[in-house]
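Okay, structure first, notes after.
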């Protein structure tokens, strides 16, 4: 039970259609896990189940040994289970600074205060600028999000997640849609994630996966078909069968 | 010659103006009414009554020109009512206020009157209690209790022993229900059921079903004039109540003349009691109708609010006469206490104690006149009716 | 039993009037995403035209209905072209602002030209008779309204589900850019749908005039009822609107029979209950 | 040259915060100036101006839920009316001190806001709008039914409010009422400026744009919106109480759908999501309505309708966006 994060026999079906079947996996602190699989394998569904956006049909989610399956999305975030979104969900007329400030205040349970100024606390401001600085967003800190580059928006997604001081971080395709010139900045950001953090990353870019992950899990048709080292993935016959075409394709594109 | 006369007149006027403003001055009268919105027709009738009076009796009293200022208050809205009254008094410097269709609007104005030194002559708003809120209010319309009262005895005399009342669920509706109940029970009848329906009811079939189930042989109804009356009367006919011989009584709001072309055949034979029918047969009324139709533009649109306004203007003119153009609300009101005259509706009198109008109430029947037009034909007169609501207080 | 049947048939007639008028609004709101608060204004315009045709021109009832529908659609064409096209895709509140403005204008203009009195549309002899249906008498007109409602429901269902226009309409609604690329002339589809919606409003205004009498304030007086019915049914759904009209008609009619003093309480309490149970309306599309 | 330009942007950025602060102070001063100008320029129309102030409070309260939280409502008059009736009933029963009455109205409005929010926030979009309509209709019906307390359709009359601070009477000329109303409006406006600039205000703006994102940030949505509903109820209730005090009558119109709809129209006319838009919309709409209905009491509705259409065609974001656009284009030219 030393695992920081554990998923046991998680299943989900919509009507008669099973989209997640009996998924179990666990992550210790400091884990760097990549979850890959062909389109429609149920990767985002898995993240939605784990973070509480969807209710599982069966199975359990444990955080620090505590069963959080019955908790809603908000409570799970507050316990340290944090995600980013595949398609950025940001507030287009707010600035990155405002996004992260709001997140930090929320983490400190000060976000619902009426009798304080939004930019009032210098402690908060220092932390916010620290986070934005780590991710290289200080230059655009006060521009409206609608006006900054998409790569920077993806970084902001990560910044918001970090501002929540997560224990487990689920990154849903952090580099999706980012022009290849900007990918290194994302990679850099991933390398600088706090070492104790357990990170699960869904990603299509296999180069990124190979550089980032210590362990790889392959999901196909809602089931885990492989779990092991990145170097072993390519050789696995099941993976080759389910995935290789896409993988080869992805590689050639990258 | 004429030019010379004009110049002379102007010169005399200028001299008089210089010597004192008591003569060729303008006295302003502010009229508040629903001139637009869902009750625009009633407001138009206010205007027609006022204009008819001025057409027949001149636009000045004892040398004081009378100017009318209209202000629109589309629906019951006391806050706006007060704002309009305040503006009329303070900004437009009116000496008299008139009009007011709804009770709450009148209630919002009455607290201002003594400070404004302005009398209010109500052309319509028909709740008894308004008269108690200020000594400077005079009313030339009617109260619902006043027009309803005779119906109780009429129904009993026509053989109805069990009756059901159906009224719109608001102030005047409740007044009507109480008045009929009291009068009918005093005559010896029994009200077996009282139904109050929401104002916005459009389908009356379920109500008629209830009337049928109640076993009553007489139906008393009160609805404000307007679109729902049509549905109500039609539902009464279509559900077979009319054929079954159920007797139908209502105050005249239900068969307002402007609704009659629409109601038409459906309302034929319907008996209502009211203080005024456009078809009232008297020389005064003929004169009035002719002038009012000219003012309103179409004979179909003329109905009772016009006569309230016409008589209201009469009262205001008398007030101006009595005060000789000086602003003195108490003197003006005192001057019309006990005033009696022959209105287009018949003989009327301002009761000195209540300042409300005492008048004949008529039982009328919807019938075709010689031209094939539907009218409220007067068939019985109940002379000299006071407001029972105020009389009991 | 007689009472229950009697109430049911009243409820059916009232519900069908609501349905005929509201289904057009449901189409504009659900398929074209325009909150057209001026919908009732078009029904009212049709009522005036029919009244004029029948009373002043002496035309028959059927001719009056036909004239009212075509007349109203003709009036609506320039409005669609110059006003509504500007607000397709705008925020709902902007649409509300404009269509309320339009309603005010229509009311003001009607009041000026037609006067504030009630206008009736004389029924033909056959429809104005009470008919004995065994357990009670009912106005033939009510039966006619029920038939009209049923015909509209079936006709619309056929149009949308079974014709090529229906396919184009649904495609345009789901993805107008894609439909454009596939050669569907979406502007035309919108214009035709708008005309159909207005035509239905017109039909409802005329045949429903016995329930909702024609007068200038008509356009605002029933606006809330129409909006509520459409939302309860689920905007854009024909069976949804039908169910909503029948259920609300039944609640309203029964409530007014059982406890007339609290008639409005029943209606709005039912609305709150339904909306809480079915947040998208009975058969609303997923948002 | 290039360096200077860069330095310029940096200093402009660091100034951004204080710039906003100054803008708010200037805005509030401007409102106070307009209010005072109204007092001097239209001393004979103070009852109208007081009514505008009361309605402005209602419109501001709608802006809080519609403009800042994205909750559509056509039933806000329920909260306004709750305040008006609470103040009215208290006054008839012997509580006649005007400030106390305003407080009573605000509390009643807040309570009604709690109830209304609790129901409305269960739904979204169109369904939410319909819930708001149903609620205001039920309030209206309840006020009509409870005529023993509310006076029903005849209105609750006979409010005898004692003079403000024991000195200033609520009289025919309405100076006390107007100045008290204006002060109330300014105080509320300042308070709301703080509310919308607080973390809570920012959270609401976030919820308006994307509640899912806000949940993923670890914040609940429902209690936040409910809180805003309560605040908005207090503002609307204070407006209702002001209307009751200044007119000394409370009518059923104060809990009507029509008032709610008109107020929403004023808000959209002025522009959502800036408190200024609410004030601009109220003043323009009511001022215009008053003007055209005085010129032609019979057919003014057409003119108001034409105004609304014209605004949609010319300034789809409301009049305040027009002001911003003009000032932006001026800035661009200079």
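Some notes on this structure:
By letter and in written order, the chains are A, B, C and D; residue numbering begins at 1 in each of them.
By definition in this document, contacts are C-beta pairs under 8 Å (C-beta built on N, C-alpha and C of every residue); 3 or more make two chains touch, one makes a residue touch a chain.
Not measured: the values here are computed from a predicted model.
Taking the mean of each chain's C-alpha atoms, the chain closest to the overall C-alpha centroid is D.
With centres defined by CA atoms alone, the chain at the far end from chain A is B. With centres defined as mean CA coordinates, chain D is found 37 Å away from chain B.
Put simply, the C-alpha centre of chain A and that of chain B have 75 angstrom between them. Our note on geometry: chain A versus chain C, Cα centroid distance of 49 Å, whole angstroms. Multi-chain contact residues of chain D, defined as those touching 2 or more other chains: 141, 145, 298-301. Listed for chain B are residues 36-37, 40, 44, 169, 198, each touching two or more other chains. Residue positions of chain A with contacts to 2 or more other chains are absent.
Those chain pairs judged to touch are A-D, B-C, B-D, C-D. Across the complex, chain D is touched by residues 35-37, 40, 43-44, 70-72, 75-87, 89-91, 103-105, 107-108, 110-112, 115-116, 127, 129, 133, 169-172, 174, 198 of chain B. Against chain D, the residues of chain C that register as touching in their complex are 29, 83, 86-87, 90, 92-94, 96-98, 100-109, 111-112, 224, 227-228, 231-232, 235, 261-262, 264-265, 268-269, 271-272, 275-276, 279-281, 287.
Interface of chain C with chain B (complex): residues 3, 6-7, 10, 13-14, 108, 111, 115-120, 130, 136-139, 142, 210-213, 215-218, 220-222, 252-254, 256-257, 260-261, 263-264.
Residues 51, 53, 73-74, 77-78, 82-83, 85, 89-94, 98, 101-103, 105-107, 110-119, 142, 160, 164 of chain A are the ones that touch chain D when the two sit in their complex. Contact residues of chain D toward chain B in the complex are 43-48, 50-51, 54, 141, 144-145, 147, 151-155, 157-158, 171-174, 243, 246-254, 258, 293-294, 297-301.
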